[in-house]
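Chains: A, B, C, D, E and F, in written order; residue numbering restarts at 1 for each.
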Amino acid sequence: MADPYVHPPLHAVRDAVARAIAEDLTPLGDLSAALLPEGAMARAQFVARDSGVVAGTLCASEAFRQIDASITVEWCLGDGDAVGQRGVIGTASGPFASILTAERTALNFLGHLSGVATRVAKLVAILEAAGGAQAPKLWDTRKTTPGLRALQKAAVRAGGGRNHRGNLSDWVMLKDNHLMGLGITEGVRRARDRWPGRTIHVECERLAQVLEAAAAGADALLLDNMSPDEVRACVDAVNELGFGRRRPLLEISGGVTDENAHLYARCGADMISSGSLTNSVSVLDIGLDFLE
Amino acid sequence: MADPYVHPPLHAVRDAVARAIAEDLTPLGDLSAALLPEGAMARAQFVARDSGVVAGTLCASEAFRQIDASITVEWCLGDGDAVGQRGVIGTASGPFASILTAERTALNFLGHLSGVATRVAKLVAILEAAGGAQAPKLWDTRKTTPGLRALQKAAVRAGGGRNHRGNLSDWVMLKDNHLMGLGITEGVRRARDRWPGRTIHVECERLAQVLEAAAAGADALLLDNMSPDEVRACVDAVNELGFGRRRPLLEISGGVTDENAHLYARCGADMISSGSLTNSVSVLDIGLDFLE
Amino acid sequence: MADPYVHPPLHAVRDAVARAIAEDLTPLGDLSAALLPEGAMARAQFVARDSGVVAGTLCASEAFRQIDASITVEWCLGDGDAVGQRGVIGTASGPFASILTAERTALNFLGHLSGVATRVAKLVAILEAAGGAQAPKLWDTRKTTPGLRALQKAAVRAGGGRNHRGNLSDWVMLKDNHLMGLGITEGVRRARDRWPGRTIHVECERLAQVLEAAAAGADALLLDNMSPDEVRACVDAVNELGFGRRRPLLEISGGVTDENAHLYARCGADMISSGSLTNSVSVLDIGLDFLE
Amino acid sequence: MADPYVHPPLHAVRDAVARAIAEDLTPLGDLSAALLPEGAMARAQFVARDSGVVAGTLCASEAFRQIDASITVEWCLGDGDAVGQRGVIGTASGPFASILTAERTALNFLGHLSGVATRVAKLVAILEAAGGAQAPKLWDTRKTTPGLRALQKAAVRAGGGRNHRGNLSDWVMLKDNHLMGLGITEGVRRARDRWPGRTIHVECERLAQVLEAAAAGADALLLDNMSPDEVRACVDAVNELGFGRRRPLLEISGGVTDENAHLYARCGADMISSGSLTNSVSVLDIGLDFLE
Amino acid sequence: MADPYVHPPLHAVRDAVARAIAEDLTPLGDLSAALLPEGAMARAQFVARDSGVVAGTLCASEAFRQIDASITVEWCLGDGDAVGQRGVIGTASGPFASILTAERTALNFLGHLSGVATRVAKLVAILEAAGGAQAPKLWDTRKTTPGLRALQKAAVRAGGGRNHRGNLSDWVMLKDNHLMGLGITEGVRRARDRWPGRTIHVECERLAQVLEAAAAGADALLLDNMSPDEVRACVDAVNELGFGRRRPLLEISGGVTDENAHLYARCGADMISSGSLTNSVSVLDIGLDFLE
Amino acid sequence: MADPYVHPPLHAVRDAVARAIAEDLTPLGDLSAALLPEGAMARAQFVARDSGVVAGTLCASEAFRQIDASITVEWCLGDGDAVGQRGVIGTASGPFASILTAERTALNFLGHLSGVATRVAKLVAILEAAGGAQAPKLWDTRKTTPGLRALQKAAVRAGGGRNHRGNLSDWVMLKDNHLMGLGITEGVRRARDRWPGRTIHVECERLAQVLEAAAAGADALLLDNMSPDEVRACVDAVNELGFGRRRPLLEISGGVTDENAHLYARCGADMISSGSLTNSVSVLDIGLDFLE
């Protein structure tokens, strides 16, 4: 049984793989594999062309399984494990033609999700190098690739990041546009009344809003597009309100890059979020090398 | 009716949007929009934060339609159009809460697909600047994001690129692994016999293979990971075979980047393909700005 | 609103059309229509190349609607209407490219289902010519084309036939193999006990079985592969049992063809069933002719 | 546009209705409606046979729409409104046969969901009568009818209740079995580390656990199967910990009935939850009365 | 292989479970199980908190299978078996975290369907106690919970009831509204003509209708909202018509409760139907107890 | 692993079978099998009632698997093998009731697809008898039965035919209507520009069009509704253009029947296509015979 912390739920894996297979094999199947001599068997290794962090092994296994259940896939590395350049991640064995048919679908998942995990791990490392034990944790967003939310969010966890809300249904987030219609204090009050027990998260663009939201009882505050100094000022102001251990979670959002992340790592905030972890990612280049 | 050359087929749009909405609104819908005053109406503009090429307008419209059919979306720019920084792409009007609920889903599609189109357009421009009328065309690959094949391939067309085969079912491609079991001449013969009328495409790693594949009657040759000089040598050798206008299509594949593309632009090949057009793309940053 | 007697339920139409469109347009849509000049409009007529009976107009309309909701389809003939050679069935108007994209899907439904209706109508006519008011009605079977049960059964009704049970779930049918394990009398008793209110239908290969099933209280008797004389003998024997108007329904099954149908038309049976109405049908050739 | 606070998300409505229609009309559609004279039109009113609270109007409208888009449905009462015995809730107008076909599906949704809302409203009224302004709010659970989670949870809101977590993915809940493997303090610590920002909810069976969980920083405490006195003792003990307004939410769970609810209404807890609100509900009897 | 008489068809089980899992685990999976130590194994027993009749074991097994195929589920009791308070129904063994993830989904099915079976069994027992061998059988209706038709109808069988028509497609039922447009005699004639072989069922509100429907050849008569005496009068009147063993089935419908059922049990009718068997049911309380 | 050349892709098999099972078993499953004694086991053979060519074994196996995974199916013949009258194709073993439930669904696929393969094989034999080594190959079309494209196209291959384009997305085909808007030369140019690498196929009604299309660089020419002499004239004219081995593919389309096929077999064309291979096919009659 796969560790549910770093893996997506299986139903999401099955559905995403089924869709990918349908788009690659409709309507005639694999014309090229249909040319191979029948009965040939093969073994092939998943090999990383670059170093990174692995994610998506359940998807890759499922792609082989749906194409041909007689293929065996074994993993030497699992989701969340680091892999070096030329490192072997796993092995697929079975009918030659079936392995070729499933190869690209399996690699598309594995490369994309490992790309997410690798990107996350790199930024986590920068934050931890700069911030040590006080480094904020890294949060993803809802800026995910359509249809891959569950898979990408699991890859973020595999890379050492944390998941912001999963969707519009799991916690309340009052952004600038919501607040236009409501105001912070009234917005938090309504949220608390209608959705008791849920995280109430307020987007703040300036210190006055931070103070209002904290006073109103928000559970988390998004500090929107602030400089490290502005963040620090907000953190200090909230600390002075005396919440102690129940201080609202403070999130830095907007404009954090690999280049400036170290500046944000020691501001005292709890979280840094970035849409680019999921919507602007390069694949980790992984190939499938056949063994003689 | 949308231009089918730059738009994906509607059934793919409907399905992809339905999945994205389900992943964002299961099970309780949008908690935050449920706090807004009932009956409020709004207008908001899609505004590009960076310059680029637009793609994905059908998906964005469909996202609003599936959330609330009373929302009206009008586009000032369409798929394939260039947009400048701060340029307005379109406008959504209707119930305030519904627009907020649909916003992120619509933007996730629009940003991702415009990101693909923008990336493609940039590389096409490099090739055309260097190669003029002889510049090879730009081809995508099957290295797409799972579940988004149809949408990404349409975005490639919107960006001025061309689509390589859509999937394993539309033409025959004999890669190194297929050839291990078959050999080029026999492989092309079998393909021609079993799949008459279809493009037969052969991956070649060196000149001898190029010559064998051309002699065997392949329709297209993939020149794998060759330097510009190696490409030129292959092109010349094939030209000497005297096919005239029916010369097999010559594709440069592997290792082409924004930095070295100009070197490949004048080699005489027909196509340059790159997986990064679809699997390693940054979103075009597009926001939805509410109007007073 | 469509007459529900000759039309299939709409949900079945929507689903079948969506599948047909997906198999025809995955992943890139219609390459050829994407070459046409944008904005061209057209009108085209559905014209029968042979005479027959129309069925499937809902499916054809739905195919156009799913491809492009701006296409208008109007029918001069409806399901169940006779059409002569060169007869016009309906007209589609709208964007030229969209009509071309939907054309084949619409015609595949219309031709196939009209083929079923035409085949049914022909055999009904033979039976009525020979049997007059006593002619048995024509029944379809569960020998339908997979995935098209609802559509084919509606086409049978459009052709003047009647629907045998729709599936394994709507009435009890005890065939030879069921009876091996049960015996007729015990089978009917169990069926009556477990499924009160439902039709109980028993397959009989000889007169003794007919008498046993009738005595056991079966609602319908299938006379399997009998000659007209054997059928008549069974009918007479059942009539002598004195059921009056509540006589079990007598069905002739097996071996009825256009050539021998008239011989069975005056045997006194209620129904003649044939799998060939749905599983061995030629399309009614219908084309889409564009108007200048 | 429907108020998203009392209505389920539309995608859930569409899917649930499509399934209900498929199960009621596969494979042959409505045999009985197919007997009616073509072209007859009708109007019919949804009338409550008992008093209660309305929910499910979107589902009922959608059922008519999917059966026949030419039917018009208008509601005089909406989700969350009280209806008296013989009260009219809405009117459907259109083709007679189509209204009959959709009737039962529409009523099955409307009756079931109004039954949930009515049940919730009754218990809320008991709590408010006994507890006044201090009355705990009423929470549903994940003990919902499979496939109807989104619809039932919306009906709970329509009835004046609140939604506990929507599913396993929206907040962390450590029940006795999770705690067996972890312990409260370590469990809360891990949850906070792995899922920052999310509600952490701990099931407690006795005061010592309540104190440990509160000290560990849990956001909500489930007081499992406690008497009113035990609840009051826990509330007092937590109050003494001095959280002020950020006191963890205290939930009474288990054994609350219409009969004893008033005893729990003044214990100082925030919430009372009950699985019976969604898994043991009688329909609100609603009929569709045709008008002459 | 499961007994098809008391179990629902497997495709309905698979689909219903897949939907329930998607609604409980979208998008992030089980946050809480993701906190448990990896590799822990467990065994747990399904234990009834009340006595009743079991139904839904296929659904429960399928829920575990879809969550984690390495879980083993063994049943000591099967659908249709009585279970006492604290009786063990079955055992699940496998990874601890997976069992916890699947628990609620499995119990929601098992509790709901066993609730239906238990409710049915109770009313059947009342009827049999009062009516002995002449007791009418108990029929469900189409008043089922949307999406669960197949599962609830199987649970009715498991409880000792019988299934009325499964949907609008399996037999003809002429209710008051259909008859408004048609009249009984003409309605039955049309039904017999259009749908030969199928049960024709007529709703009757008074004796004259009963006699007309019987004379017209209806197969079943619904006696709508009649007192026991009125039922008896109708039964006697139909008996006098001399159908013998082929008497139309007589169904008592409307207003039968646990309290008055014994009064209807000796009226000579064949069936008693009640929508409350499926639309107003309390769960049978079943828990999953982990073993040390 | 099944030979991908003669088998459809598995995802298409799974989906088509799931739909067929749902239409045959919704909502109550198999009423009749539910009467059989529990626990009975059986073996049964698939036996051809006529001679022909087998196709569809994957579908038949899948039907049994989805109904009851404990059934074993073994094939003595595979897709593409000839079977004689009374020839045994395979054997199913397992629970008696399950085999009966799956029987019709399995046979509907097997009979239909073997019917396609048999029809194809017959016409191929006629062509080969008349044309010897120069006989054109037989092509299917897009005139397939909706929803069965992948399965029918595989059956065509099993019968010795070849697959024309799979759908609108795999190659460009310029028919008369496309050409109305474009003209041949411009149409081919646009196609080559927008869809490089893809087959460009032009429908020609007369010699002048043939010459224009060949000159324009089309890859394949459809000779529409021509007599054998007209075909020969076109072939000669194209041969004179001196393409050598890269001559465009010449396809005879329209009006070819079993009766006149031999006249077309020696015209020098490459392909003969016929819609009737897939849209006007009789089943191969195959039964399932139970063994004592």
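Rule of thumb we're sticking to: contacts are C-beta pairs under 8 Å (C-beta built on N, C-alpha and C of every residue); 3 or more make two chains touch, one makes a residue touch a chain.
Values in this document were obtained by computation on a predicted structure and should not be read as measured data.
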Most distant chain from chain A by Cα centroid: C
Most distant chain from chain F by Cα centroid: D
Centre-of-Cα separation between chain F and chain D, whole angstrom: 52
Inter-centroid spacing, chain E versus chain A (mean Cα positions, whole Å): 44
Where chain D and chain E are represented by their mean Cα positions, the distance between them in whole Å: 23
For chain B, residues contacting two or more additional chains: 5, 22-23, 25-30, 33-35, 101, 149-150, 163, 166-167, 169-171, 194-195, 198
Chain E - residues contacting chain B, complex: 22-23, 26-27
Residues on chain B engaged by chain D in the complex (per definition of touch): 18, 21-22, 25-30, 33-35, 38, 66-68, 70, 94-95, 97-98, 101
Chain D to chain A touching residues, read off their complex: 5, 137, 139, 157, 162-166, 169-171, 194-199, 201, 217, 219-220, 243, 245-246, 249, 251, 270-271
In the complex with chain F, residue positions of chain C that touch it: 16-17, 19-20, 23-37, 40, 59, 96, 100-101, 104-105, 107-109, 111-112, 115, 142-150, 167-175, 177-178, 180-182, 187, 190-191, 194-195, 198, 275-276, 279-283, 290
Chain F - residues contacting chain A, complex: 1, 3-5, 7-12, 149-150, 153-154, 163, 166-167
